[in-house]
Amino acid sequence: MKPYISSKAELHGKVLEGAVILGPSKIGSESLVDNGAIVGYPSRQKLLSLLGRDKGVLRIDELDSISSGALIGEGCIVRSGCILYEDVKLGNRIELGHNVLIRSGSNVGEYSRIGSGTQLDGAVQVGRDVNIQSQVYLPHLTEVEERVFLGPCVRVTNDLYPLSRRLVKTVIERGAVIGCGAVILAGVVVGEDAVVAAGAVVTRDVQPRAVVAGIPAKQISTREEYEERKKAYEAGERPTSPR
Amino acid sequence: MKPYISSKAELHGKVLEGAVILGPSKIGSESLVDNGAIVGYPSRQKLLSLLGRDKGVLRIDELDSISSGALIGEGCIVRSGCILYEDVKLGNRIELGHNVLIRSGSNVGEYSRIGSGTQLDGAVQVGRDVNIQSQVYLPHLTEVEERVFLGPCVRVTNDLYPLSRRLVKTVIERGAVIGCGAVILAGVVVGEDAVVAAGAVVTRDVQPRAVVAGIPAKQISTREEYEERKKAYEAGERPTSPR
Amino acid sequence: MKPYISSKAELHGKVLEGAVILGPSKIGSESLVDNGAIVGYPSRQKLLSLLGRDKGVLRIDELDSISSGALIGEGCIVRSGCILYEDVKLGNRIELGHNVLIRSGSNVGEYSRIGSGTQLDGAVQVGRDVNIQSQVYLPHLTEVEERVFLGPCVRVTNDLYPLSRRLVKTVIERGAVIGCGAVILAGVVVGEDAVVAAGAVVTRDVQPRAVVAGIPAKQISTREEYEERKKAYEAGERPTSPR
């Protein structure tokens, strides 16, 4: 087993056997790209250009030749099975779990983490110090600001009336906390430091520092109360639900 | 890195290095099977037959020899990490994301798309022009008719009282739209052109052209109203929730 | 394509070409480790130790040298794309789907099954005869007792006020049934033989033999009634919802 490393790539870190680095990708120092990860995967249009009438084996060289590469900063970990499309940019000190999919145009800020099986399925902007857990789904146009927490299986949408001809941006502002399995509908702004309870379906904007829950989500509390309960919880009180 | 292409396979399209094509699979012209995809994976019973008392390395030849193959039409894209079991049939012009799992007995109609991480976990029938987003779960016996839209993370079930001895069919009729993260319980029929809101749990049949929402899902509107709002939304009105 | 089998590993079963077996892992007799599966993946701390200032290709030998291995019993199937971290222990006769992720410290009891794309994301204890469906998420500290059924996309959490400094254990007691897409909040105990309906969000302990549904989940029935309805359902009655 050998990695495939494009002759156009700049490698300052480490690449495990079995990794595939395409196009003019850059891997920063002290970074690791794991077995079976693909960096610089060509976007759909380019892939389609390879589908002519001839048949047979397509060499990775050919994918390489059409890839514009991805940028990975310093001190990053890209675990096995991750697929980073071309025109993806990871800042420094970012850690990805296994099988993370990040599509073209996405940027991830430094010190952020993204859990296994999560998808950034289009051009998604993620700030610094963001904690994204496993199996999260963020579509094209999503913006996640700094210090946000997205629990496991959080899902965001970008089309309010699918299949419409209009995709809209959904924004999770800085410091917000989104509980496990919550759904945030297209076009919603979740305000700064707001909290969305696990399993909520958020259909309207959430005010800064509000805590919302339910389907459709309604305000049940404030961030101040959340932080008080959190303190008691951290001090070892028997866990009780936020609601 | 070289692909594994069964000597029994018929290859009219292209196969990337690292792909595995087992048994008498057929890959149509202008189709692409990507790095790390497996086509014609043997069903459970056959796999078990390989587990004798001897030990050591099992060659892919041996998987190949027991596979009955899968059929992929013309102009299809099967991206990296996809696993198509034997006795799967994809029509023409179908596009799969990454890591899509399709088990034996499934058929997918032409022009349909299936997003990354989605599972057709048994014999699942998918019509033509169907749009299935990422991380969707469709169990054995599910039927999805033509022109259906399944949002990200939609889940269907096939056993109303698990673990029972009776699996039942769930049907999503033509033109229906199922919102992100909705759950459709076993045995339900979602009628033609019906709409299920994001996050809904559908426990009863949905009438054609009804819009349902909530847990358990109840009718809140009609497809006609949905289409009117959609028109306003497409025209650029500030997004508001369907409810 | 050749598998990588550590010289420290004990192989009593079969390993497919393309599998990676690291460290002093043991694979029991009549077990199969499939193409592209990784057994004995090093934990985060060890992986970080490999990230020095030098650059270039990291050989799988080096991952192998730091792995403490994983244990797989007899008659197990570990399908393609599965990642078993070091210090994972699978009992006998366990079957995993594709792309299952199991992190260090997890134990799985004999005869249990885990569906494709499911994650045991930390030290998770799973008893015997447990049936875990696809795309399930179980975080660090989760305990799942014997004979439990977890439907597709069930999610458990371990932090009631993320991001707090306190992770707590969530327990699903023996014989419980958790429906598709349900969310169980951190610290909850789901009692013996309890049933959680599909799509429920469980915020408080569930009494043994209670059936709960909704957001937040409330008791709607008993296991006795559930079993009666199940019997009628198995006898072929038109499926009706549990509620």
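Each chain carries a letter (A, B and C) given by its place in the written order, and its residues are counted from 1.
In the analysis below, a contact is a pair of C-beta atoms (placed from the backbone, for glycine too) under 8 Å apart; a residue touches a chain by one contact, two chains touch by 3 or more.
Predicted model, so just to flag it, every value in this text is computed and none were measured.
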Proportion of interface numbers common to subunit B and subunit C (over half same, under half different): different
Rotational angle, Cα trace of subunit A fitted to subunit B, multiple of 5°: 120
Cα-centroid distance, subunit B relative to subunit C, in whole angstrom: 23
Junction residues of subunit A, two or more chains touched: 2, 36, 81, 99, 117, 135, 153, 181, 215
Interfacial residue positions of subunit B with respect to subunit C in the complex: 2, 4, 20, 36, 38, 41, 47-48, 50-60, 63, 81, 83, 99, 101, 117, 119, 121, 135, 137, 139, 153, 155, 157, 160-166, 168, 181, 183, 185-188, 201, 203-204, 215-216
Residues of subunit B that touch subunit A when the two form their complex: 1-3, 5, 11-18, 29-32, 35-36, 75, 77, 80-81, 97-99, 115-117, 131, 134-135, 149, 151-153, 177, 179-181, 197-200, 213-215, 226, 229-230, 233-234, 236, 238-243
